[in-house]
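Given below, in the form of structure tokens, are the structures.
Shared between the two complexes below is chain A, which pairs with chain B and chain C, respectively.
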Partner chain A sequence: MKSSTLKFFNLFLFLISFSILQAKTIYAGKNQKIKSLTKAIEYAVAGDSIILYSGKYFEKNIVINKALTIIGKNFPVIDGEKKYEIISIKSDNVVFSGFKIKRSGYATLTDPAAIKVYNTKNITISNNIIDDSFFGIYIQYGTNCKILNNKIYAYGIEEQQIGNGIHCWKSDSLIISGNYISGHRDGIYFEFVTNSVIWRNISKKNIRYGLHFMFSHNDSYIANVFENNGAGVAVMFTNKVKMYNNYFLNNWGDAAYGLLLKEISDSYIEANYFSSNTIGIYMEGVSRTFIRKNTLDKNGWAIKIQASCIDVSMNNNNFTGNSFDVGTNGSLVLNNFNSNYWDKYEGYDLNHDKIGDVPYHPISLFSMIIEKNPPAMILFRSIMVSLLDKTERLIPSITPENLKDNTPHTRKINL
Partner chain B sequence: MKLIKFSLILICFLIIYSCTVKPEPIKYGKDNCAYCKMTISDNHFGTELITKKGKIYKFDEIGCMLAYAYEQEIDTTKIKTMYISDYCGQNILHDKNSMFFLMSDSLKSPMGGNIASFSNIDSLKNYSTKISGKIVNWNEVVKISIEE
Partner chain C sequence: MNKILKYVILDIIRNKIVLTYIFFLFLITLGVFNLEDNSSKGLLSTLNLVLFIVPLVSVIFSTIYIYNSSEFIELLLSQPLKRKSIWLSLFNGLSLSLVFAFIAGTGIPILIYHADITGLLLILSGAILSVIFVSISMLATVYTRDKAKGIGISILLWLYFALVFDGLVLFVTFQFADYPIEKLVLIVSSFNPVDLSRIIILLRLDDSALMGYTGAVFREYLGTGIGITVSFTVLIMWFIVPLYFSLKRFKKMDL
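Up next is the complex of A and B:
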């Protein structure tokens, strides 16, 4: 008798402790007791989970100020009616996943976003669809945040009327992976973001840049696709950035670049693929940077390197089908262009070591003329110009004599 | 004879008129900043520099214009005027001498200079209470931009 009471008492204690420790799951939806996400958040305590069932919700300024896991079932739609910021995350340790968020508001000073993260850490934003918003996902002063597998669409026509897809500002240790972004001003925007990874995203048809990178040190971006953006990708005023295995495709236009580098140092650009861009890589003020094993195919200019670049090593790259291989604006050359494959190389290889015996000068006379006088482009491929180019190759006069590949490959390098 | 005189005067006028330099409106989303090479896209911050010969350089913010001018990319003695957008004006450029400046991190200008300019002192005061900025004069703007 006594022992059974004790047992019962123990069980009772156990159950009570269980119900205290156990985080609860709150179900919200049109057919549930709790009708809206705002109500569910109000009701929840830190550590709880909220599941919102599918439906259309007109809620605005939803502030997540507790550590919650919030999951949408079958993509519930939250509509900001073009007036409000929709989700504001102001607590650490939040997971926000599986929603369709539409039409966030427009404002210039406050930058409202579909999902905005304020001064917090350990946030995961995953598997959401963000449609027709001003800014998509906005992180300011965030640490250790993950933005995974979101689809972000916008339909911007003019730059000043649309924000960026994923906008990160003064943050650290972010992982941005598997997202698809189109139609925004810049697909992904980094300013003062450190120690972060951008991995396997697709950024297409954005009005300005596919990726825009400023004052963001020690970051890497790997295996992304940047296609058909207004002006390509810009990486500026940054140290120690690693760019591996990315695709830079179809960025055509007067001032469009596959990759625009300005004031970059101690960086690595390796195994990328640049195809069909007006300028494959544009470099200004770049120093101590390795550009290796890239493919530069069918660009207007494969490389434009300004005289302000120092210690850039371009080795083992394939240059094929470009109108101009290299363009420059001065005669001072402090960079290394050895051991690349150039499809315009016309030298010979007597000892069959697959290395050409005479150096290759990748700058043509005509590309120097165009640099100074762009309308001369109209004469491109005329007999006179190709004759001039041939003589210049033999006896360099205007083109910088030091800009040459001493050991050009005679076969395309297997990358 | 009268006709010739008249036409001469007319031609003189035309020549003089064509030499007076006016700011050219910035085509947002199309023009590029001469210093940072970015596409100029934020119409709150666009600026323009005109040389004595009439050559026009466009920039995406004050910081870029000053960096371009003072890093000897062009001869500073050859600068005629600098034009700056009004932060709350409809894409209109004003002479720098007629402007008031506000500095605040929450402005988020394209290159992080974070200086907005206003042609009207009242709108400046209005904004400075709204976003807690610091009101600065042109010399301070130059000093801050070049130090950065």
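Up next is the complex of A and C:
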């Protein structure tokens, strides 16, 4: 008797769970019974899928407050008419994919976004096109979210008038991959975001920074392209950052940096490519950081390292075609510059081990002079300056004696 | 006057130095543009050439030329000719041939590789620099009859404009480092035509971004149309003034 009751109970449980698992798919669209996404969300229960057919939808602030999978077919357009936040995700386990979202509202107090995630986890936002919005994708207090393959365009002119492409705040375990961002204030913005991966994104022509992060520990940035941004990439107040195989290109202007590092520690910057930036890498207050196997090509300054940096190891990098290799503001050097390739190296290699026999001093006299005395920049590229630099190379007197490469490579390192 | 000018130019062309100069400039400029991987870098190296070699050749060639034609000048003076027209014809002949040499040697490669306003400005400033240094050498020659001394003065003047002046500017910027001296430095630089033309060109190239705040101040004053007009006016003054003084002295000179 007892066993048969148990069997019956088990069967009952099985049936119940089956009915829960049998989530339905709701079709919405101009030619469907359900005409709008808002209606479809109202009608759905957690676990359902919604498919929205293409068309143009004017819906004021769509709130997704159930665990739904929402997919757009052939990029249905949702227009915020420059008045509303368009999609607000307020439930866990939401998938939102395949939409074209246009023209979110502008407000400085509430920061409306095309897609905003509030205090949830396990969200996937993928394959959307976001056009002309204030903020593109905004995640606050999100955990374990994926932002994949979105295209985010904006046409900002002034910093104050436009938000960030992908803005993440106080979040954890994010994956941001394959996105294309242009024309925003910052392409990707991280503040208090931990344990996240930014992989294979392209961030171009943003007004301020291509990537901007602060207080975001233990994050990895791999194989991204940051090109032609107003001020390049800025990284501040963070430890345990890993930046591998990124491209920092054409960030050219009076205050532009390929990569600006401020108060960074225990980090790895490896195998990146810095080309045509006013300053390739600018370092201030950086400690215990490895900068290895990078290519620094055709920058104004390849490296600017302030005297506040400690234990920075720069090894096996290629320095080619830069106007200045290294600039610094003091004579104290607690960093290691050994085993790089410098195209301006003029030493010799008697035993042919491809390691130069005399140390290389990467700081030119003129770069020291203008660091102390900027108006002397008026002599930039004059003949006297090049003569001074030549003499200083032979007999260093003003440039820091310790800032040198003891084992410079005589051939370009194959990276 | 035109007849004397014609004689001077024919004489200069006949001694073949100017032709060698054209060939030399052409070869170097072409080489520089081919060596650098982008034409902007090529223009930068050409700038160094213009600032260093063009003044040197102009000043030395014209000094020696004037000393060597002293007998010709004496002959002309025995004719019923105004001293002014003789002196100006000499100046015109020298400047025309050197400007022509510069434009043929450097201008053509620049127009081939970098034909924009910056390139044109470089050609223009190179041409003006040639004229300025002809004018300076004429001033040097009227002050001494001793050929060696005259050439010495010319070379010293060139050294002053190409190197010593910059050293003095560096010294001044260090002495007054605590003051906002960007504008002062800018004014001081207009006392040297070589510096002035270097800054005009630099501000138009990508490299000007390296000049930071100082560069921004310079650009505010020199980067505008008015700034360029003013600085070219200063450059033109730089050949008119020495020429005027040399002419004044030549008129009264006891030959």
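Basically, the second predicted complex is superposed on the first by the 392 of 415 C-alpha atoms of A that agree within 3 Å, B and C clash if a C-alpha of one lies under 4 Å from a C-alpha of the other, contacts with A are read in each partner's own complex, and residues count from 1 in each chain.
By definition in this document, a contact is a pair of C-beta atoms (placed from the backbone, for glycine too) under 8 Å apart; a residue touches a chain by one contact, two chains touch by 3 or more.
Model, not experiment: these values are computed from the prediction.
Asker: Looking at the combined model built on chain A, do chain B and chain C fit side by side or clash?
Answerer: fit
Asker: Per the contact definition in the header, classify A:E158: touching chain B only (first), chain C only (second), both, or neither.
Answerer: first
Asker: With the two complexes superposed on chain A, say which partner A:M236 touches: chain B (first), chain C (second), both, or neither.
Answerer: Only chain B is touched by A:M236; chain C is not.
Asker: Using the touch definition from the top, say if A:F380 reaches chain B (first), chain C (second), both or neither.
Answerer: Only chain C; A:F380 stays clear of chain B.
Asker: Once the two structures are placed together by chain A, how many degrees is the angle at chain A between chain B and chain C, based on Cα centres and rounded to a multiple of 10?
Answerer: 70
Asker: Report, in whole Å, the shortest distance between any C-alpha atom of chain B and any C-alpha atom of chain C after the two complexes are superposed.
Answerer: 10
Asker: In their shared complex, at which residues does chain A touch chain C?
Answerer: 252-254, 256, 278, 300-301, 323-324, 369-370, 372-385, 387
Asker: In the complex of these two chains, what residues of chain C are touching chain A?
Answerer: Touching chain A: residues 44, 47-48, 51-52, 162-163, 166-167, 169-170, 173-174, 177, 181-182, 185-186, 189, 195, 198-199, 202, 206-207, 209-216, 218 of chain C.
Asker: Under the definition above, what is the set of chain B residues touching chain A in their complex?
Answerer: Touch residues, chain B against chain A: 28-29, 32, 36-39, 41-44, 106-108, 111-112, 130-131.
Asker: Using the touch definition from the top, list the residues of chain A that touch chain B in their complex.
Answerer: Result: residues 108-109, 111, 158-160, 169, 185, 191-192, 207-209, 214-215, 230-231, 234, 236, 255, 260, 262, 282, 284 of chain A touch chain B.
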